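You will see two complexes here that share chain A, one where it goes with chain B and one where it goes with chain C.
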Partner chain A sequence: MTISESTAAAGAGPDVSRIPAPHRPGVLARLRDRRVSGWLFLLPLIAFNLFVVLVPSAFSVWYSFTDWTGISSKANFIGLENYRNLLRDPEFVQGLEHNVLWTVFFLIVPMAMGLFGAYALSRIRRFRLLFRTLYFIPYIVASVVNASIWRSILDPQNGLGNLLHINPLGDQHLALWSVEFVNNWAWWGFLVVVFLAAMQGVNPSLYEAATMDGAGATRQFFAVTLPAIRPTFAFLGLMTIIWSFLAFDYVYILTQGGPAGSTDLLSTVAYRNAFSNLQGGYASATGIVMAFISGVVVTVYLVIRKTREWET
Partner chain B sequence: MSVAVSPDTSARGARGGGTAPARGRRRGFPIGRTAVYVALTALAIFSLGPIVLFFFNALKTNSEYAADSLGLPTSWTWSNFTSAWSQANMGAGLWNSLQIVLGTVAITCVVASLAAYALARLKVRGASAFMTYLLVSSALPSQMFLVPLFYMWARAGLYDTRIGLVLIYCGLFSPFGTLLLRSFLLGIPREMEEAARVDGAGELRVFLQVVLPNAVPGILTVALTTGLSAYNEFLFAVTMIQSDSKMPLSTTFFTFQQGFTQNFTLISAAGFIMIAPMLILFLLLQRRFINGLANSGMGGI
Partner chain C sequence: MATISRRQLLGAGGTLGAMALLSACGSTDPGGSDDAITIWNNLADAQQNDYFRKHFAEGYRGKYPVRFSPKADSTIDRLIQTALAAGSGPSVIVTPGPSSFVSSYWSAGYLADLGPYVRHYGWTDKFAPWALSASQVDGKLVTLPASYETMVFYWNPATLDKLGLAPPKTLEEFESFCSEAKGKGHVPLSAGNADYKGANEWFVGLGLNHGAGPEAVHSALRGETKWTDPVFVDAIDRLATYFKKGWFGGGVDLYFTNNFPTTYQQLASGKAAGMLSGTWDFSNLGSYFGKAAGNDATWDWTTVPSLGKGVPRIVWDLAIGQSVGINTNFRNTAAAADYLNFLTTDLKTIIAGVERMNFEPPPIHISAADFSAEADPRIVRLYSQLSAARSIGYTTWTFFPQQTETYMIDYFENVITGRLSAKAYCAGIESRFSRERAEGRVPVAPKPGGGLS
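Take a look at the complex of A and B:
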C-alpha cells in the first residue's frame, strides 16, 4: 500500500529537477528550501513521537535489565534476571497462553463473520449501506460502555446467565471465551467495512464469467472473491495478530484478569506488576517480550509479502 | 453468534438442496436471497440488540429491572438519566472529555497536516523508511512504554493533568492522522501549488494558502477519527488521571460502575449519556467516519 503510493509520488514529482537554471541562485535556494523544509514540517510529529513513544521505549529496554520499581529514580542493573524470571513465572506463561488462544479466536471468528457479512453485502442490492452502518455501530461505542452492556446481559442473577444457569464472566472455564465474545461483538463490524471496501474493487466481469461456468455463490467466493482480496485479507490477519497482543481494555474492565487468572493476558499481567506490585523493571521486560513477538510477526509478514509480491 | 447463525443458513441450504444447482446457475446465490437477508438481519439484531436493551434498562425502575432485565420497560423512568447525571458526576466528566478531545484534535490536526504535506509533496530523504517507522511505532504494545512514560510524566508534572493526557494522545494518534492525510493529499492535483511556487511563494505559504484549503475534507476525517479515539480511550486515561475532578467520561463512567451499589438502571443511563454524543455524530457523518477508519486499515481490537 505505502510502497506503491510512494513510487507514484516519486514518479509524479520530477518538476523541481526539470526547472532549467536561468536564475541560478534562486533555484538553488528553492531546492535547499524544499529539502530542509521537509524535515522542518515533520519536526512536530517527530517531537511528539520521541517523547511519547521512542524515549520511553528506550528507557523500557534499559529498565528491563534492572530492579526498578517504577516510581523511584533508583534502578540497579541485574542483567537478564527479569527475563529469566519471566520464563519461570506461571502468571506470565498463563498470560502468554491466553494471548495465543485470543489470537486464534480473533483469526477465526471475527474474520469469518466479517468475510460472510461483507460478501453477503457485496452481492445484494438493497439495504447494503444500512446494514454496513448497523454492523459498525458497536465499534464506535466506548469499550467501558460495551463492557457494561454485556456485564448486565451476562449477569448471573438478572441476565442471560440466570436464564441459562451459567455465570459467563465468573466461571473459570467460560470467562476467557466470554470476554473474547464481548470484544468480538464490538470488533467484527469493522472487518465487514474493510472487507466490503476491498470486495467492491473486484472486477465484476470475473463474477459474470464464474456464473457462466456454473459456479454458485460459495464457489465464487472461494474462486473469485478471496483471491482478489488477498492483500487485504493478509494485512488484516497480520493486524489481528498484532492487536491480539495489545488487547487490554475488555479484560481489565470485565474481569481484571480473574477469576483466578483465567482471563489474564500479558498486558494485564504487566499492568498489575507495574502499578500494583511496583515491579517497573519486570513489567518493562514483559512489554519488551510483547514488542518482540509483534516484531517477529511483522517481519514474517514483510518477508512473505516480498517473496509473493502481494501488492495493492 | 456466527455459531448461532450458520446452522440456520446451512439448514436452509440443505432443505433447498435439490434445487440449489439449478438456482445457482440462474442467480448466483444458491442459498437464496431471502436466507441471505434473514442472516444479515440476524447479524444486525446481534449488533444493535444489546445497545437497544441497554437503553431500555436505562428507563426501568430497579424493581422492574430485577424482575425482567431482558424485556421492554413498562414505565418509562426518564428520571434515571438525571439521577445518573448527578450521581456519576457526568457533567464534570463531559466537560473534561470535551477539553481533552478538542485539545487532542486541534494539536493532532496541525501536527498531522504539516507532516503529511512534507511526506506527500516535499523531497524528504528517507520518507518511506520514516513512514514504515510510523506504522511500526503505532503497532507497539503500550505496555512497552507505559511505565517509563508514567514516570517521565510524573517527573515533568504532567501526571494527573488534562494537558498531560492530551500530549500523550497527540503522540499516539498523530502517526495515524499523518498517514491518512498523506494519502488524501496524494489525490489532490498539484498544479496550483506549483503555480504558487513559480510565483515565489515559500513552502509555508504554499502550505497555508493552497494546500490547507483543499485538504479540509481530509482534515475533517482525521479530526473525527482522532476525536472518537480520544473520547473512547481507556488505558491511558485510567493510568494518567487520578483526581475525580479531572477524569474524562470513560474513567468517570468506569469509576461509577465499579462502585458499591451495582445499580444497573443508573449505570445504563450513565453509559447511554456517554455514548449518545458519539452515536449522534456518527449517524450524521457516518460516511466520513467509516471511510476514514476503514481505508486506513487501522484500528485496534
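Take a look at the complex of A and C:
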C-alpha cells in the first residue's frame, strides 16, 4: 500500500512523524532517470556541435565584419563595409540570381520527376526494389565521379555534344542548365525513394474508396496521394531550397563557375574570394547572407506548418 | 580476475574516440614534425613524385631528413593556406610564383626572412638578379625561386609541312598562319582551360607582352602608365578577336571545354597547327608523341611571335613557376635554409632532374655545358637561349599582385564571350592594380631590355 492509499483509508491527514524521510536516489538511480540519461546521451553531440558548428559560425559572423584575409590571425573591424560591398558586387548579384534559378529548377524538375517516379513505382509489384535501387545508385556515387562521367558524355568533340552539335558546358547560355541537369541526374532518385516511402504510408482504403467512386490513376494521384504526402512534399521542398543555396560541388568540378561566370553561384563566389583573393572577411559575409536566406526559408516553413497543422 | 563490463568497454572506447578526435583537431605538427623538414609539392605524376622523393628529399644530407608529401595541383594552395591559418603546415612553403600569396603569407607572419642566409650561401651570385628581386617583399627576401619558365610556340613539324606553313614570327605571319590553318579545317592553336582556369592568364600575358610590348608593361608595373592606356586596350581587344575567330582551341566554347590531354592530342595528331603554352609542357608532351604514344609524331618549340606592331620580334616571358619559403613555425630556420639552398642551387641534382624528368630548373646560371650528352637538345637549347635573353616580358603569376591576377584570369572569359569590352577589362585591371600597388604588393620587375644577368 502506498502512503496516499493508507492516508485515504484512515480518513485523516498523514502523521508526519511516521512518514519516512524521502529516499534520496543515488547517482546510478538518477542516471537511470530517463530525462537525465537522455541529456547525458545528448551531451557529447551537443558538445561536438558547439565545437564544430556554433564556434565556427560565431567566428564567421565576427569575421564578416572585418577585413580578415582568411589566413592571418589579424582582423580589423570594418563594420558593415563587407555587406555594403556585397550589394554593389556584380559577382555576388549574379551568383544570387543563379542561385534563385537553381532553386526554381530543383523545386520543379526533380520534384516532379521524383513524384512521378515514386507514384509509378507504387503502382507496380514486380521489380519495385530493382528500380528503386537503380534510381538511388547515382545519389550514392561521389559527385566528383558523377561529374567526371557527365563531362565525358557531354563532351562537344567525342560525346553527346558532338552528336547534338552543342557544347553544353562551354556555351555560356547552356552551361548553368547543363550543370543543373547533371546534378539532377544524381538527385532525383533520392526523391523517388523518399516519396515512395511516404506513399506507402497512405491508407489503402482511400484508394479503394476512390476507385469505387470511379477515380482513375491521375485523379487518385491528385486527390489522394498528393494531399496525403503533403508534409513530406513540403519538407523536401524546404530542404531543396536550403540545399540549393549550398550547391557547390557539381559547379566547381564541371565549370569552376565559368564560362565567364555563367555558372557562378554564391558558394563559388565565396570560395574564390576566400582562397584566390584572400578576402576571408568578405567571403564570410557572403556565407552569412546564404545562411540568412536559408533561415528565412526555414522560418516561413515552420510558420506555415504551424498554421496549417501539418504533421511530419 | 577482474572483468570489464560492456558499459565500461563502451565508455573507454568513447573516451579514447573523443581523445583521438580532439587531438586530431589540435595542431600536433607545427611547421612539420620536430625531427624532419617537411615539404608538400605538386608534380605532374607518380613518376615525378618518386623521383623528387628519391633525389630532392631523401637525397639531401643535412641536419634533418626531408619528408615529401605529394599534393594535387588543384588543392595544394588551399591545403597550405588552411594549414598555415591553423598554425601548422609543412616546413617548406611552396607557392606558384612570388606574386601568388607570398606577400599575404609574409604579412601574416608565416614566412621567415631569408636575408640572413643570402651571403652565407652566396645566393646573389647563384641566382639571376631579376628572380631574387621578384622574390622580395618589403625589401626582404622571403622566398627563393625554385623553378622558372617561359612561354613558347609549340609545333608539330609534320603538320606544318603538310599545311605548307612555318612557325610565325611577326603579327602579320601569325594572323596569316591562323587564317590559313583555320581555312584548311585545322585548329590554328590548340588551347583550353577546362582543367585549369588559370590558363587564361597565360594568354592575357602573351597579349600584353607580345601585343603591347614589354616596355609598356614594365611602365605600367611601375605605375607610370595606366592599364587603361590604348596600347593595352588594343592588345587585349586584338587577342579577344583571335579567340572569337576560333583561333584558340577551335572556338570560344571549345576553349572552355578542352582539357590539357585534348590540347596535346590535337597537336600530336595534326588536328592543331600549333600551341602557345609554357615550357612546363615539355614534361607533358612526351606521352603524346613518339614511342610512348605509339606514333611517329614529333614536336618542337620556338619563340612566341610578335602580336603587335613595334614590339620586339623576340620577347621571353619571364616566370617563376614555383617559389619556396620557410614556415616560421618550423623551429630551425637555418636548417630549412640549408635545404632550400640544396633544392634550388645543387646544380648536379637539378640538371639530372631536368634531363630525366623534365623538371623546370631554378633561375640559376645554367649553360649548355652543364648538360650531359643524353640531354634532350630542345631542353638544352631552351635554357641556353633563355640565359642569354636580352628582351624579357612579365608573366602575371610572377610580376602582378594577387587580386589583380585573379581578376585577369576570371574576367578575361567575359571579354572573349563578349560580356565585357577590352576597355572595361583594362579599367578593372587598373582599379585593382592601383590599390594593390599602393599597398606595396607589386613584385619588383627588372627592366625589359636588361637581360637576365
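As a convention for this text, the second predicted complex is superposed on the first by the 270 of 312 C-alpha atoms of A that agree within 3 Å, B and C clash if a C-alpha of one lies under 4 Å from a C-alpha of the other, contacts with A are read in each partner's own complex, and residues count from 1 in each chain.
The working rule: a contact is a pair of C-beta atoms (placed from the backbone, for glycine too) under 8 Å apart; a residue touches a chain by one contact, two chains touch by 3 or more.
If you're wondering where the values come from, they're calculated on a predicted model, not measured in any experiment.
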{"item": "Partner touching more residues of chain A, whether chain B or chain C", "value": "B"}
{"item": "Partner chain(s) touched by A:44 [first = chain B, second = chain C, both, neither]", "value": "both"}
{"item": "Chain B versus chain C as contact partner of A:183, first or second or both or neither", "value": "first"}
{"item": "Which of chain B and chain C A:275 touches, first, second, both or neither", "value": "both"}
{"item": "Which of chain B and chain C A:63 touches, first, second, both or neither", "value": "first"}
{"item": "Partner chain(s) touched by A:299 [first = chain B, second = chain C, both, neither]", "value": "neither"}
{"item": "Chain B versus chain C as contact partner of A:170, first or second or both or neither", "value": "second"}
{"item": "Which superposed partner A:203 touches (first chain B, second chain C, both, neither)", "value": "neither"}
{"item": "Which superposed partner A:156 touches (first chain B, second chain C, both, neither)", "value": "second"}
{"item": "Set intersection of chain A contacts, chain C complex versus chain B complex", "value": "44, 51, 70-71, 151, 155, 275"}
{"item": "Chain C-touching residues of chain A, taken from the complex the two chains share", "value": "44, 51, 69-74, 151, 155-157, 161, 167, 169-172, 255-256, 258-261, 272, 275-278"}
{"item": "Residue ranges of chain B in contact with chain A within the complex", "value": "1-2, 20-21, 24-25, 28-31, 33, 36-37, 39-40, 43-44, 46-48, 50-51, 53-54, 57, 65-66, 69-70, 110-112, 114-115, 117-125, 127-128, 130-132, 134-137, 139-152, 154, 167-168, 170-172, 174-175, 178-179, 183, 186, 190, 194, 197, 202-204, 207, 228, 231-232, 234-235, 238-239, 249-251, 253-254, 257, 264, 267-268, 271-272, 274-275, 278-279, 282-283, 286, 289-290, 293-295, 297, 299-301"}
{"item": "Complex contact set, residues of chain A against chain B", "value": "1-3, 5-6, 8-9, 12-13, 15-16, 30, 33-35, 37-42, 44-45, 48-49, 51-57, 59-60, 63, 70-71, 106, 109, 112-113, 116-117, 120-121, 123-124, 127, 131-145, 148-153, 155, 158-160, 163, 183, 185, 187, 189-190, 193-194, 197, 207, 210-211, 214-218, 220, 232, 235-236, 239-240, 242-249, 252-253, 266-267, 270-271, 274-275, 280, 283-284, 286-288, 290-291, 294, 298"}
{"item": "Parts of chain C lying in touch with chain A, wherever the complex brings them together", "value": "14, 18, 25, 77-78, 81, 84-85, 101, 104-105, 107-110, 193-194, 197, 251-257, 262, 402-403, 406, 410, 413-414, 416-417, 419"}
